[in-house]
Amino acid sequence: MIPLYWWLVVAAALFCIGLYGVLSRKNAIGVLMGIELMLNAVNVNLVAFWRYVTPQTLTGQVFAIFVITVAAAEAAVGLAIIIAAYRRRDTVIVDELDIMRW
Amino acid sequence: MDFPFLTLITFIPLVGAIIASLIPGDREREIKWFSVFVSLIPLVLSIVMWALYVQTDGGMQFMEEAVWIPTLNAYYRMGVDGISIPLVFLTTLLTTLSLFYSAYTIKKRVKEFFVLFLMLEMGMIGVFLSLDLVLFYVFWEIGLVPMFLLIGIWGQPKDRPQYSAIKFFLYTLVGSVAMLLAFIAIFLTTGTWNILEISSLGPLADSPALAVAAFWGIFLAFAIKVPMWPFHTWLPDAHTAAPTAGSVILAGVLLKLGGYGFIRILLPFFPALFKQFAPFIGVIALISMIYGALVSMAQWDLKRLIAYSSVSHMGYFTLGLVAAAATLDVSDPLLTSRAIALSGAVLQMFNHGIITGGLFFLVGVIYERTHTRDLKAFGGLSAKLPVYYGVMMMTGLASLGLPGLAGFISELLVFRGAFHIMPTYAIIGVIAIVLTAAYILWKIIQYVFLGEFSEEKWRAIFDPEHWHFSLDMARFEVITMAPLLFFMLLVGVYPAPILNVINAASTAILGSL
Amino acid sequence: MPTNVVQIVVFAILTLMTLGGGLGVVSSRNLFHGALFLVLSFAGVVGYYVLLDAGFLAAVQLLIYIGAIAILILFAIMLSRGLMSQRQSQRNEQWWIALLVVVLTFVVLAVVLWQVDWPVASDQALASPSVAISQLGQELLGPYVIPFEVASVLLLVALVGAVILARETET
Amino acid sequence: MEFFFNLVPLIPLIPLLAFAAIVLFTHRNNRLSSNIAIGGIALSTLVSWGVVLATILAGEHVQVEGWELPIPWLPTGTTVFNTGFAVDGFTAAMLFMVPFVCTMIFIYSQGYMNLGQPNQDPRYARFFAYISLFAAGMLGLVVADNLLLLFISWEVMGLCSYLLIGFWSFRDRDNEQHIDEAQVKRARAAALKAFITTRVGDVLLFSGLALLFSYTGTLTFREIFRPDMLEHLGSISLLGMPAVTVIALLAFGGAVGKSAQFPLHVWLPDAMEGPTPVSALIHAATMVAAGVYLVARMLPLFVAGFETANAPALQWVAVIGAITAFFGATIGLAQDDIKRVLAYSTISQLGYMMMGLGLGSLVAGIFHLLTHAFFKALLFLGSGSVIHGMEHGHHAAGAHGQTSQHDDGFSANDMKTMGGLRHKMPRTFWPYMAGTLALVGIVPFAGFWSKDEILAEAFQRWQESGALGLPFWVWLAGTLGALITALYMGRQIALVFWGEPRHEAATHAHESPNSMTGPLMVLAVFALIGGLANAPFLGSPLHHFMGGVHEASEVVHSATVSFNFAVAGLSTVVALLGLLGGWAIYRNYRAGEVEPFQRWLGPIFTLLRNKYYVDELYQLVIIRPVVWLADQVFNFDNRWVVDPLVNLVGAVGRAAADISLLFDKVAVDSGLVEGTAKAFNAFGGWLRQTQTGRVQNYLLVVAVTVLMLLGLYLYL
């Protein structure tokens, strides 16, 4: 079998890529996609831990399902927000959405 | 578990307030009638509770207990006895009537008014039912805020409502702080907040100086609320400025919080100290009675007059209380006299709530029509408003202690007790009865109702723009007054139903000191 | 080829898909392309799940991530006028700090993960994982019923919220 | 007949229900309202007389020991306070008189109150409601078995008195022009005066009641008058006296207020501002008798612990009674208002009753109370009839256009405007004469027997003691009082019924309707024969009937006084002299003349006319100072001390805050604090820029922080 460590490193890499996307993309939809990558990384971790640490109980898979649920909700709401913001301010550039600025 | 009467009575108004606050503010009709309806529930519950209350037993009933703040050792403890039952009933009754009356007369910021009023009701009932000092204190303070706002926001602009509200707030707060310190001192020595337990322990017995300080701290809080001379000057201002319903509750219930505190907390906690200071407090009671009556006589503002009369009438209460506390003898006939004095004091609170509450409603009746309270502006109204005259006459007579009406019974009991225990005080006290008759008949009846009525004079004060009901008492005003008149007559003619519970509790309390 | 080798090869390919797709998502100038890379990355994860004996999850991943979320994003991009044609830089001015931080984070994570002694289950247990979907269902409706219900409420709220947010407002 | 006793509670209850019915339901219908009131009191009379009959038939066990109906009422401590009803001989005697006189007055009122008023006047129904309530109060007082119920009824009467005296105390100026403005003012002042003055007495009675209640734990008469209870009360010392004496004096204080004895008599003459039937009902026949009734009922307390002859409380009663009897009569000499003369006469006669009781003779006082009730009601109603006739005459004269109406200061009550009315109002004149003769005390009219019994009692007591002590002075005051009474009554009938009319109104006066004169005739019969109830030659039946009610207390003894021909002869001679003298002097009085008494008495007459200036004295000594005190206390409260103190505390707090603020500004702020603040402000301004409003900046910070923490975890 493939060692657990590999899975974890891959997941960490995916997470970091996602994080980079979140931090660096100008476009809000890009940010959203970064978040989806991070969530995927988490899921990979969860499933890997299930498979290698507690294969007898299904806790890991159950949690992964919940995460997917949350991700779906998040994507729907996030995109709705983006569309609403686009309508109002005519932009999806995150830098320009700074009404909370001092 | 038994049916949780006390919790429901206390918190249904709160639930109602929350729901009412969710109704959109422009649905004024719905908010008004919903609030009136909500306030009916505790009223009905308190009547049912009174009916189920075992009258022969003077102790606490319907007790409820639950852990509340474990780190403080504070419990959610509630119970009623014969002292609190009439007061709870009085509170629920007056609240319902006030809300009903306000449904017709409040025009500005309706939603806030009704929500605050329901919260006020919760605070007041909570005080009467708490058996835990922390709980007591919390409810005590809860009642303060809505009243502050009621005076400040819905007050008459020309009566300096902000000044009055702040005065009321600060006065009460000073007392509360002193009381809180005393409570903490008691807790630190006894380790419990349970009122009944502390009463049986006798707190601070081994540190007399601290006990005296605690005694006066608590005394101050209650004396301000009652109010006793010389802590009374918030009262006329607050009453004058408050809207009608606010005045009714202020006189009818809030003053009773102080009186109730004396009986439930100060007297059982420190019977020996109370006895020691009784002559002094008795003097305060006498001053309150006579001084209040004299100042009433000097008033030309109808509402202010009644406010000062409250000082005088609550002086009777204090006299009864002091008479009950002036000796610790528990053998007959002294015990009987003490119990009579204390019952008289409690009944005086109840009666004062009904009568003075009624008087404030009646001031509202004329004020809504004319927007003046100047006694000199009226005259001869009995020719034009006969029903109003009759109702005011009856209420005024009840207030001056005419036999056959409520006020007399409590005065009789108070003096009956006082004449036995402290005759000198009682002899001086009866002067107040004559003065009361003088200011009620001379100032109120004579200046408002007797004399010349003329269209010309009436037109100068009557304001048909803002009055859309009948000239004489409108139906809603009659309905508001009817229960009060009924109780004035009932208590005056056949006081046994109410006195049975009070008397049993008084005897029990005094017997256990 | 022994099973082990096959597994490693498959794993490598999938990793390439996943991480490569991910890199494409975060680096492509064209947002539409980025979305397509995202699909690629998700597909890699599907393979991971199969490899990890989580068949049901793989199906779910396929249906939800690729079938729903990615498509949703594609639609959003296509519906948002002028986004696709943007040829200028898609990175903001803090991208290099972000890159530095992310790389460092990865290094630290890798070290930490290496140092930890993971409590891997016994070989026997590893050999026979519980994979029955029915069992999963029982878990969801048994011990996890409350989170499950909460999740359903969450979805409902998200649905309503998304509709309200995205609705055309008259004013 | 015992059955009737069960109906006793109905006696006060029926008029009470009539009151409630009128107020709540029928007040819009005047005729129905008055009929309800009359029906109620008539029914009550029937029941009362049934009870009286039952008492007579039942014999001594009811007449002396009494019949009782206790009702548990008030829980007090460990005991229960009972209220209830009781009937004994004394009560029965009162029950014979009170409802009957009331009925007569009610019937009379139905005619009287219609005077010149439209039938819709709301006051008409209101009047009958008030007098019904009043009757309920008086009857309740009589049948009460305890002091508390008595007190309650007593106060209810006080209230009715207030309402009825103030009956004309308000008016709608635009719609009620038949009531004149001066009358409104007088009525208003009189009502208040009556209530407050009697209230002073009531408070004394209330104190006595509370004291008694405290010491005995009961207020039931039978319980209080038990010998051991009286002894117990006598053994307690209070204010240097036996408590029982203090209580008795306090109760007497109540009686002084209610029965208008000196020095609280001032309200009664003013009370004539009420409608005339009210004067008859309340201020002559019944309510003022309540004080006498109270003293009589409480007589054992007055005597307890002493011999009857020298009980201090009793002596006070006698002294006050004698003073009132004499001085009241003298004032009556100098009044012009027909009703005021009668009012002072009432005060004086009440003084006689008190004298009788003060001598320890229950029966003498009560006998006079009963006869007086009949003939004084008669006189008042008669005077009402005269006034009624005069007013009609006034209207008639105005209709003929013979006088300038309304502005000549005409008063229908002024005897000096009357004259020669015996021809115009014969059916009023003859009953009035019967009343006069009864009041003056001419054989065989009622007043002769009753007044004589009091004087005989005093005379006998004087003879027994053999010194010029209290009994002598009482007797002297009584005999002189009788002379003066005869004088003023002679003056009155001469001015009213003889001579020539002195005003147009008297010329045109005519007889009153039958509903008014009818009751006069009935009452006249009683004024004539009422004295037989206790006439010595019939064996003093009243004495046997009620004399023994206080026997059980073992301190009050009933002893008959034998008829004394010397006393009776003297007083008859005196009465005849006075009556004829007064009549002769005033028979030919003409309008505008200075009247004879004024010529002869000079300043004394002025003093009498001004009622010894007692009102002015009270105004100066009591009312003004109290009002002044009230104002000063208010100023003390609001303007000078208490409230300013409160505000001062507030102001001091604010001032302290202001001073601290100033200190802050000058010393702390500009130096130390401000420098620091500026530094922080600059730092803050720089730091503020981290708040870019961009999510990704924030997230980057988070990531950096996490990374640093992870690094720390790894290498530390």
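Order of writing sets the chain letters: A, B, C and D. Residues in each chain are counted from 1.
One rule holds for everything that comes next: a residue touches a chain if its C-beta (ideal position, glycine included) is under 8 Å from a C-beta of that chain, and two chains touch if they have at least 3 such contacts.
Predicted model, so just to flag it, every value in this text is computed and none were measured.
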item: Selected interface, A-C versus A-D, where C-beta contact pairs are more numerous; value: A-C
item: Chain occupying the most central position, where position means C-alpha average; value: B
item: Subunit A and subunit D, separation of their C-alpha mean positions in angstrom; value: 95
item: Whole-Å gap separating subunit A and subunit B, where each centre is the average of the chain's CA atoms; value: 63
item: Distance from the mean Cα position of subunit C to that of subunit A, given in whole angstrom; value: 7
item: Euclidean distance of C-alpha centroids - subunit B vs subunit D, Å; value: 33
item: Subunit C: positions in contact with at least two other chains; value: 92, 94, 98, 101-102, 105, 109
item: Where subunit D touches two or more other chains at once, by residue number; value: 696, 700, 703
item: Contacts with two or more other chains, residues of subunit A listed in rising order; value: 19, 23-24, 94-95
item: Inter-chain touch pairs (all); value: A-C, A-D, B-D, C-D
item: Residue ranges of subunit A touching subunit C (in the complex, touch as defined); value: 1-2, 4-10, 12-21, 23-27, 29-30, 32-34, 36-37, 40, 43-44, 47-48, 50-59, 61-62, 64-66, 68-77, 79-84, 86-87, 92, 94-95
item: For the subunit A and subunit D complex, residues of the former touching the latter; value: 19, 22-24, 31, 94-95, 97-102
item: Complex contact set, residues of subunit D against subunit B; value: 23, 72-79, 122, 148, 151-156, 159, 162, 166, 169-176, 181, 184-185, 188, 191-192, 195-196, 199-200, 203, 206-207, 209-211, 213-215, 217, 238, 626-627, 629-631, 633-634, 637-638, 642-643, 646, 650
item: Partner subunit D, residues of subunit B touching it in the complex; value: 167, 170-171, 230, 232-234, 236, 291, 294-299, 332-333, 335-340, 343, 380-384, 386, 390, 397, 402-404, 408-409, 412-413, 415-420, 423, 426-427, 430-431, 433-435, 437-438, 441-442, 446, 449-455, 494-496, 499-500, 503-504, 506-507
item: Subunit D-touching residues of subunit C, taken from the complex the two chains share; value: 92, 94, 97-98, 101-102, 104-105, 108-109, 111-112
